[in-house]
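Everything on this sheet refers to the single structure shown next.
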Amino acid sequence: MVKVLLFARLQEEAGTDSLTVPQSDMSVAELKQWLEKEYGLTSLSNTMTAINENYTDDSALLSEGDTVALIPPVSGG
Amino acid sequence: MTEKKRFLITEEPISTEDVIQKVIRRECGAVTTFMGTVREFTQGKQTIRLEYHAYKSMAEKMLAEIDKEVSNKWPGVTTAITHRVGTLEITETAVVIAVSSPHRKAAYEANEYIIERIKQIVPIWKKEYWEDGTTWVGDQLEKVPYPEGAPQKGAHHG
Amino acid sequence: MTEKKRFLITEEPISTEDVIQKVIRRECGAVTTFMGTVREFTQGKQTIRLEYHAYKSMAEKMLAEIDKEVSNKWPGVTTAITHRVGTLEITETAVVIAVSSPHRKAAYEANEYIIERIKQIVPIWKKEYWEDGTTWVGDQLEKVPYPEGAPQKGAHHG
Amino acid sequence: MVKVLLFARLQEEAGTDSLTVPQSDMSVAELKQWLEKEYGLTSLSNTMTAINENYTDDSALLSEGDTVALIPPVSGG
């Protein structure tokens, strides 16, 4: 099981700020594909990812209990 | 307690003076601050208000990461950064960056570096409310997914 | 009245917030400030306190001249500058420069330009009190009598 | 008659912050020489000058009623 946090546009697309994904045996890229299919999220290839608050990349493998944040282009400041 | 955090995401209006006080030291001769304020017009288009959202815990962590980068590049510099979230009206302050340094050159350079890095790696999002709709700023552009210097898996941040 | 003067020499402690408020405008997205503070150690030598003197009327006039230079170089920028005179203790603020601008690059550049110009042409003098004596800063050095850009007789300032 | 304002080190050397010079028919350079002789002021060649709050140079001629400020190297900021 992994927890997925959604922000900004993605939060609005999904209608929620977090999701629980029952399995964890996958890469970030696979998770993104699954979310695009299941939740209709778009442009995930253009989205940064953090695992447990550390930036990572699409090849990273998830572990049970991870918190994955999908981070659209930031615009603070 | 909260007032003393040098890297803070808050829903409250920001007191620039409070942020400055966090960096004042006897060995400093120069303090620079940057305030990002809500501008009414951007390329002729009127902003009604802004809304900032953050991944709060990670955003504060990334601000502390930026501080580490700054300390490596400009030894002897002290920084404090507060970013506000929630709804902001025109002229309200979204972010305050304070930098103190024995000498002024480093205080200017480090301050400008910090705002550039915030715009690259800190998970905060700005939603513009126009008269005719809303925009998540940044997201509508084609951007490189990982800006230069965003920590990579296996780097010292991992 | 005095509080509203954008270019001010004062004997009172400076409120950074007051100086900032003079430049906040709806069309601005960026405000930079510079505070010059009294540093305890300079090249290992301990400062006990400082004393600033000014040719007040001319100093305020020269600050306004610097503002004109800034407006020419960075159109759309608004500035406010307050410099304190009298006796200052360690960590007290000698000068506050606030610059507002629609965009941040000009706010940083103009601010740094202003402090450089203050150190060149504004008639203010700093006396350092050390443990073992005093120094009028600047005067002990061999300096070019007229720094680049000091107005000359017959120029538009005459 | 011209009024001469002294600042910083020059004020301490002269023991006063202003002087009145009875004549005005001279250049800034001549005024400086006269002050060095009469008041023992030093390093005036290294000192900026303002007439009526405008910077000027040593060749400028004074006029009756002018206020001349002798401005040692400034150190504000």
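Of note:
All chains are identified by letter, namely A, B, C and D, in their written order; residue positions are counted from 1 within each chain.
Just so it is clear, a residue touches a chain if its C-beta (ideal position, glycine included) is under 8 Å from a C-beta of that chain, and two chains touch if they have at least 3 such contacts.
Note that the structure is a prediction, hence the values are computed from the model and not measured.
Each chain gets a centre from the mean of its Cα atoms; for subunit A and subunit B, those two points are 24 Å apart. Separation between the centroids of subunit A and subunit C, computed from CA atoms only, is 50 Å.
Of all residues in subunit A, none touches two or more other chains.
In subunit B, the residues touching two or more other chains are 36, 115. A linear topology is adopted by the chain contact network, the touching chains following one after another without closure. Chain pairs that touch one another: A-B, B-C, C-D. The touching residues of subunit B, counted against subunit C in their complex, run 16-17, 20, 24-42, 90-91, 100, 102, 104, 107-108, 111-112, 115.
Put simply, subunit B touches subunit A in their complex at residues 36, 52-55, 57-59, 61, 83, 94-95, 115, 118-127, 136-139, 141-143, 145-146, 150-153, 157-158. Chain contact summary for the complex, subunit A toward subunit B: residues 5, 7-9, 11, 43, 45-48, 50, 53-57, 59-60, 69, 71-77.
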